[in-house]
Amino acid sequence: MKKTSVRTRVLTGTAAVAALAAAGVGAVSASAETTETPASPAAVKVDAQNKNLAQSTGLTIDAATRAAQATLDAATKAGQHVSVAVVDRDGVTRVLLKGDGAGPQAPESAERKAFTAVSWNAPTSELAKRLAQAPNLKDIPGTLFLAGGAPVQSKGAPVAGIGVAGAPSGDLDEQFAQAGVAALAK
Amino acid sequence: MKKTSVRTRVLTGTAAVAALAAAGVGAVSASAETTETPASPAAVKVDAQNKNLAQSTGLTIDAATRAAQATLDAATKAGQHVSVAVVDRDGVTRVLLKGDGAGPQAPESAERKAFTAVSWNAPTSELAKRLAQAPNLKDIPGTLFLAGGAPVQSKGAPVAGIGVAGAPSGDLDEQFAQAGVAALAK
Amino acid sequence: MKKTSVRTRVLTGTAAVAALAAAGVGAVSASAETTETPASPAAVKVDAQNKNLAQSTGLTIDAATRAAQATLDAATKAGQHVSVAVVDRDGVTRVLLKGDGAGPQAPESAERKAFTAVSWNAPTSELAKRLAQAPNLKDIPGTLFLAGGAPVQSKGAPVAGIGVAGAPSGDLDEQFAQAGVAALAK
Amino acid sequence: MKKTSVRTRVLTGTAAVAALAAAGVGAVSASAETTETPASPAAVKVDAQNKNLAQSTGLTIDAATRAAQATLDAATKAGQHVSVAVVDRDGVTRVLLKGDGAGPQAPESAERKAFTAVSWNAPTSELAKRLAQAPNLKDIPGTLFLAGGAPVQSKGAPVAGIGVAGAPSGDLDEQFAQAGVAALAK
Amino acid sequence: MKKTSVRTRVLTGTAAVAALAAAGVGAVSASAETTETPASPAAVKVDAQNKNLAQSTGLTIDAATRAAQATLDAATKAGQHVSVAVVDRDGVTRVLLKGDGAGPQAPESAERKAFTAVSWNAPTSELAKRLAQAPNLKDIPGTLFLAGGAPVQSKGAPVAGIGVAGAPSGDLDEQFAQAGVAALAK
Amino acid sequence: MKKTSVRTRVLTGTAAVAALAAAGVGAVSASAETTETPASPAAVKVDAQNKNLAQSTGLTIDAATRAAQATLDAATKAGQHVSVAVVDRDGVTRVLLKGDGAGPQAPESAERKAFTAVSWNAPTSELAKRLAQAPNLKDIPGTLFLAGGAPVQSKGAPVAGIGVAGAPSGDLDEQFAQAGVAALAK
Amino acid sequence: MKKTSVRTRVLTGTAAVAALAAAGVGAVSASAETTETPASPAAVKVDAQNKNLAQSTGLTIDAATRAAQATLDAATKAGQHVSVAVVDRDGVTRVLLKGDGAGPQAPESAERKAFTAVSWNAPTSELAKRLAQAPNLKDIPGTLFLAGGAPVQSKGAPVAGIGVAGAPSGDLDEQFAQAGVAALAK
Amino acid sequence: MKKTSVRTRVLTGTAAVAALAAAGVGAVSASAETTETPASPAAVKVDAQNKNLAQSTGLTIDAATRAAQATLDAATKAGQHVSVAVVDRDGVTRVLLKGDGAGPQAPESAERKAFTAVSWNAPTSELAKRLAQAPNLKDIPGTLFLAGGAPVQSKGAPVAGIGVAGAPSGDLDEQFAQAGVAALAK
C-alpha cells in the first residue's frame, strides 16, 4: 500500500539523517538516479550517484496555506488585524497574507519574523532574549528579533517558519503563529 | 546492500513524482513523521501528517563544490579566467568561485546565468533563443539570458544550476559549465 | 444642511465616479465623519469634513485568498507549477502563494504581472502588445510586460491584480489568473 | 432602487466599521457592485458580491496637499527649514515637500516618521517611548522612531500620517506635523 | 528698492555665467565670504575665497509647489488621474503629489521623467527620439525615456524638471507638465 | 575690477540671506531672469520672476578637489590609509578618493560621515554625542554617527561636508577632514 | 638609483607572471612599462611609469578554495552546519560555500564577518569588543560585529578574510574560520 | 629552481614596500613568507607559501587622481560639464569627480562606463558595437554600454577604467577619458 510504503521508506532514511536532525537542520540526505530523458536535448545531466544528492523537507503549499489561514483566523477571532508569512527552510516566502486592516509595516515584519524563526529553529520571543548575550545578532540581514515568529519542525529540524505582525504586542502575534503551527497537527 | 535498497526506495517514489518531473520541477513529494523531541521546549511542533510535507532534491555541498571546481578547471585549462556559481533549485547560491583574474562583472553574471538555467531547466544558450518569441522574459528579476548557464538535472527535473562568466564568449562559458555538470556523473 | 448634502453628494458622486471609472482608476470618492474618541490621547485628529476624505475599493483578504487559491487550483489541474500573487490597487501584495515546484523566478514575476495589470487596468497579454507603440513603458519600475496578469475590476475600475508565473507560456499563466478572477464572481 | 440601497448599505456599514475602528485600523468594510462595462474587453470581471469588496478611507490629494502646506507654513513661521511627507494608510507617499534649505536627510526621514505614525496610529514621540519595552521595534523596515510623525485619524482609525524632519528637535518637527493635521479640521 | 537691486546684482553676474549657461548647465559661479559666527564652535570654517564657491539656481518650494499644483490641476481638468514630481537640478525631489486615483506605478514614473528632463535639459518626448541613435541611453540609472517630463529653465539652463505619469499617453502627461512650467511664468 | 565687483554683489545679497543663514541652511535666495534662447525649441520656459528662483551655495569642483587632496595628504603624512569624500549641501558626492591601502569599508563610511556633517552642520564627533539624548537619530538613512565628518561652512551655513574613514580612530579621521576644510581658507 | 632598481626588480618578476599576463587579465605582478600589444587596437594605454602603479596581494583561488574547504571540514567534523565566505582585501567574495543544512541567514552573515575581519585586520570576536568604546562602528555598511570572522595576513597586512556563520555560537564559527586560515600555512 | 627564484624576487621587492607594509595595509607588493608580527595578537596567520598568494596591479591614488583631473580638464577645455570616475580592476571606485554643472545622471553613468571598460578591457564605444552580436550583454549588472569608458592597461591587461558622462555625445565623453589615460603616460 502506497502510503505505508512511503512512510516506511522515510523511516528507513531516518537513521541516516539522525545526526543531521540533531544538529537542528532540515536538509536530510538521500539519493536518486539520473534520468534518461532530460527535459531539453541540450541540457547536460548529472550522473546522480548517491554522493551527489540530498533532500530537504518542506511544507506543501496546501499545508503552508492551511497554516497561514489558521494563523489569520486566530488573529481575526481575537479582533486583531495582522499579516502572516510562511517561509520555507531557505527563508523563501511560500505564503503571504496581508489581512484586512493590517498596517503597511506588517508584511515585511511578518516575513522577517518567519525568516528568523526558521533560521534559528526557535520562536522569536526566545531569540529576542538571546540578544542579552549577543546583541549584534539582530544586525544579521533579513532578521527581526521581535516576538511573533514560530518554527515549524519535523523531527526537531526546522522545515518552515510562520511569522505574524500587526497585533499590539509581539506576544499576541506569536500566539497566532503558534495557532498556525498547531493547525498542521490536526 | 545499501545502494540497492536506496535505489529501490527512490524508485518506489518515482511513480508519485513522475508527473511532477515531467512538469520540469524538482520538488518531489514524500512524507515524514513528527518528532517527540523538538529542539526548543517552547517551539511548536507540526503534526507531520503526510499531507503536510514535501521533499525537494538538491546537490550536497560536496557535489556542488566538486562541480564548481571542475568547471573552473575546465576554464583554466582553456586559458580563461572566469567566475563560477552553483545555485540550488531555489536559486540560492551554494558555491561561488571568483577565479584568478576574473573581471568584476563575472560573479553576479555567473549567479544570474545559474539562476536562469535552473529556473527554466535549460541551458541559457537555448533560453536566449526563446527571446525571439518572448523578448520580455529577460525583464524578470534575477535572470540573465546569456549563454553560460546549465541546469543540473535529476530525473529530468532541475536540482541545481551552474553558471559561468568571464570568457570571451558565452558559448565558451557554457562549455565550462557543462564540464562541471559532467563531473557529477563521474 | 451640510451633512445631508454631503450624503447626497456621495450619491451624486456615483455619477461622477463613472467618468473616473472610465478613466480606469479605482479611488471612488465618499465621505466619513470625525470621531470624538481618538485611539491615543496625544494623537491629533482630523476634522473630517467631507472635503478631506475619499474611499478606495479593494478585495477583502477572504476574497483575495479565494481568488489566489482558485488560480493555483487551475494551474495544478493543468499540471503546472506556478506562483500566484494578488495585489491591491496600490500594488501592495495581499496574497502570495509559491506553489509546489514553482521556480525561484516565479514569485516576483507573479507580483510584477499583478502590479502591471492593476496599474493599467488590463491583462498583461494586452499590455505587452502596447509596447509596439511605446517600447519604453516596460522600463517603468515594478512592471513586467509578460502575459500572466489580470485586473480585478469593480464598476470597470481596477481594485486588484492577479499575477501568475511559472507555466511554460504566459498565455497559460494568464488563463489561470483569469480563473482566479472568475472565482470571485461565483 | 439601486442608488438608495447603496446608500443604505453604506450607512449600515458604519456600524460594522465601529469594531474595526476600535481595533485601530482604517480599512473599513463596505460593499459595491459589479459593472457591466469593463474598461477592456479582455479584462475579466469580479462578480462583486458583498463578500469580496472592502473600502478603505484616505485623504483626497487636495486635503493631503493642504495639510502638507499647513505643516510647512508652520515650520517656516517658526524659522525652521524642513521636509514634509503625507503618506496614506498603506504607507504610500501622497505628498512630499522638500522645503527651502532642508537638509538631504530630511525627505526620507519625514517619510519614515509619517510611515511609522500611520502604522501604529500614534505620534512618533509616543512610539519612541515604547522602545523602552520593545527596543527592537525600531528594526522594522521603513520605520523611524523619532518625534515628528503624527497620524491623521478618522473615527479613531488612521487614514494618513504626516511626518516632518529638519528642525533642531523632533518635538519641533512634531509640532509642525500637528499643525498640519489641525489644518484638516478647519 | 529691493527687487531692483537684487535683479541688478544678478545681472552683474550674468556675464560671468554666460558661457556656463550656454553649455546648458545651471551651476552659476559666484562668491561669498566666510562668516565669523559658525553654527557650532567646533565646526571648522572655510575661508571662502572666491575661488571656492559657486552658486546654483533652483526653484523655491513655493514655486515648485505652485508648478506641481498647476500640473495636477491641468490633469484633473482633463479628467486624468496622475502623479506629479518636481525635481531640482540635482535630480532631488522637491515636490511629489500622488493624485486621486493615480496608479501605483505613477509616482516613481513621474520622478524618473522629471529626472530625465532636468538631466538632459529637454522634454522627455524629445529625448525618447534620441534613442534611435543611442538606444542604450535608457540604461542610465534613474532615467525613463517616456514622454511626460519637461525641464524648467532659467537663462536656458535647467533649474528643475517636472514629470507626470498616469494619463493614457505620455503626450498627455507631458502636456500637463508643460502647463506646470507655464504656471511659473504667470 | 572683477573680484571686487563680485564681492560687492554678494554683500548686497547678504542682508537678504541673513535670516536664512542664521537658520543654519545654505540655500540663499536671489533672482534671475528668463532667457530668450532655450536650449531646446520644444522646451518650455519659466518666466523667472523673483518669486520662483533661489540660489544655493556650494564648492566648485576645484575647491572640492583641493580640499579632498589636502585631507588625503594629511592622512598620508600621518601614515594613515583612508578614503575621503566631499559631498555638497544636497548630500551628493562631489569628490571621492579611495586612498592606497584603504579598506573596503572606507569609501561608503567616508561618504556617510560627510553626509551627516553637512546635514546637521556640525562635526560628526559632536553629533555622536547627541545620541545620548536622541539615540534613534542614527537610524536616519544615509547617516553615520562616527567621528570623521566635518562641515564646510559659508556664513555659518553648511555648503559641503568632508568625511574621512580608515584611520584607527574616528578622531584621527576627523583631524584629517579638518585639515581639508582648513585648506579651503588658504 | 631608485627608479632603475625598482624596474629591475619587477622585471625579474615578469617571467613568473608571463603566462598569466598572456591570459589577458590584470591579477598579475606586473612591471612599470607599457606594453606594445594592447588587447584592443582602440584601447588607450598607460605609460606605466613607476609612479603610476601599485600592487596588492591576495589569495589565489586555489588557496582561497582550500581555506574555505578546510573551514567547512572543521565545522562538519564538529557536527555544525555553516556557510563559509572568503573575501579579498577589497571585500569582494572569492569563495562562498553554503554548507548542507546551513540556514538562510548564514551566507550573508558569513560574508559580512569576512568583510569586517579584512577591513579592520582583526578577528571579529575582538572587533565586537571595540563596540564598547565605539558602538556606532557597527553601523558601517557591509559589516557585522559578531564572532566568526578572521583575517588572513601576509606580513601583518590583511590579504583576505574568512567568515563563518551557522554554528550555535560565534566562538565556534570563529574556531572554524581559524582552521581555514591555518590550512593555508600547511 | 623555481620556488627559490620567486622568493628571492619578492624579497628584493620587500625593501620598497616596507613603509607601506608598516602602515598595516595590504595594497603592498609583498613576499611569500609569513610575518612574525601580526597586527593583532589573536589574529591567525597564513603561512604564505608561494602557492597561496597572487598580486594584482592597480593605479596608485596619485596616478588615479592625476588621470581623473586630466580627464576633467579636457572636458572643461572643451566647454563640457561632466563627471569622471576611475575604477580599479575590481570595479571599485578609486576617484569620483562630479564636475561643476554636471547633471545628476552623470556620476553613476561615469562609474558604470568605467566598470564596463575595465571588465572587458576595451573602450565602451567598441563594446557597444558588440551588442549587435550579443544584445543581452548589457543586462549584466553594473554595466553601461555607452561610449565614454576607456581601460587603463599595463602589459595589455586592464588595471583600471576611466569613465566620463555628461557631454552631449558619448564620443566626446570618451575623448576626455582617453585624455585621462594619456596623462598617465606623461
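Letters are used for the chains, namely A, B, C, D, E, F, G and H, taken in the order the chains are written, and counting of residues starts over at 1 for each.
As a working rule, a residue touches a chain if its C-beta (ideal position, glycine included) is under 8 Å from a C-beta of that chain, and two chains touch if they have at least 3 such contacts.
Small disclaimer: the values here were computed from a predicted structure and weren't measured.
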| item | value |
| --- | --- |
| Contacts common to chain A and chain E (chain labels) | C, D |
| Between A-C and B-C, the pair with more C-beta contacts | B-C |
| Centroid spacing, where centroids are CA-atom means, of chain E and chain G in whole angstrom | 44 |
| Centroid spacing, where centroids are CA-atom means, of chain C and chain D in whole angstrom | 20 |
| Whole-Å gap separating chain D and chain G, where each centre is the average of the chain's CA atoms | 48 |
| Multi-chain contact sites of chain F, meaning residues that touch two or more partners | 24, 27, 29, 54, 60, 90, 92, 100, 103-104, 158 |
| Pairs of chains found to touch, sorted by chain label | A-B, A-C, A-D, A-G, B-C, B-G, B-H, C-D, C-E, D-E, D-F, E-F, E-H, F-G, F-H, G-H |
| Of chain E, residues touching chain H in the complex | 19-20, 23-27, 29, 54, 89-92, 115-116, 118-120, 134, 136-137, 139-143, 158 |
| Residues on chain A engaged by chain D in the complex (per definition of touch) | 79-81, 100-106, 108-109, 112, 128, 131, 138, 144-146, 165, 168, 170 |
| Of chain D, residues touching chain E in the complex | 60-61, 65, 69, 72, 92-100, 104, 107 |
| Residue ranges of chain G touching chain H (in the complex, touch as defined) | 6, 9-10, 12-13, 16, 21, 24-31, 33-35, 37-40, 42-49, 51-60, 62-63, 88-90, 92, 121-123, 125-126, 150-160, 177-178, 181-182, 184-186 |
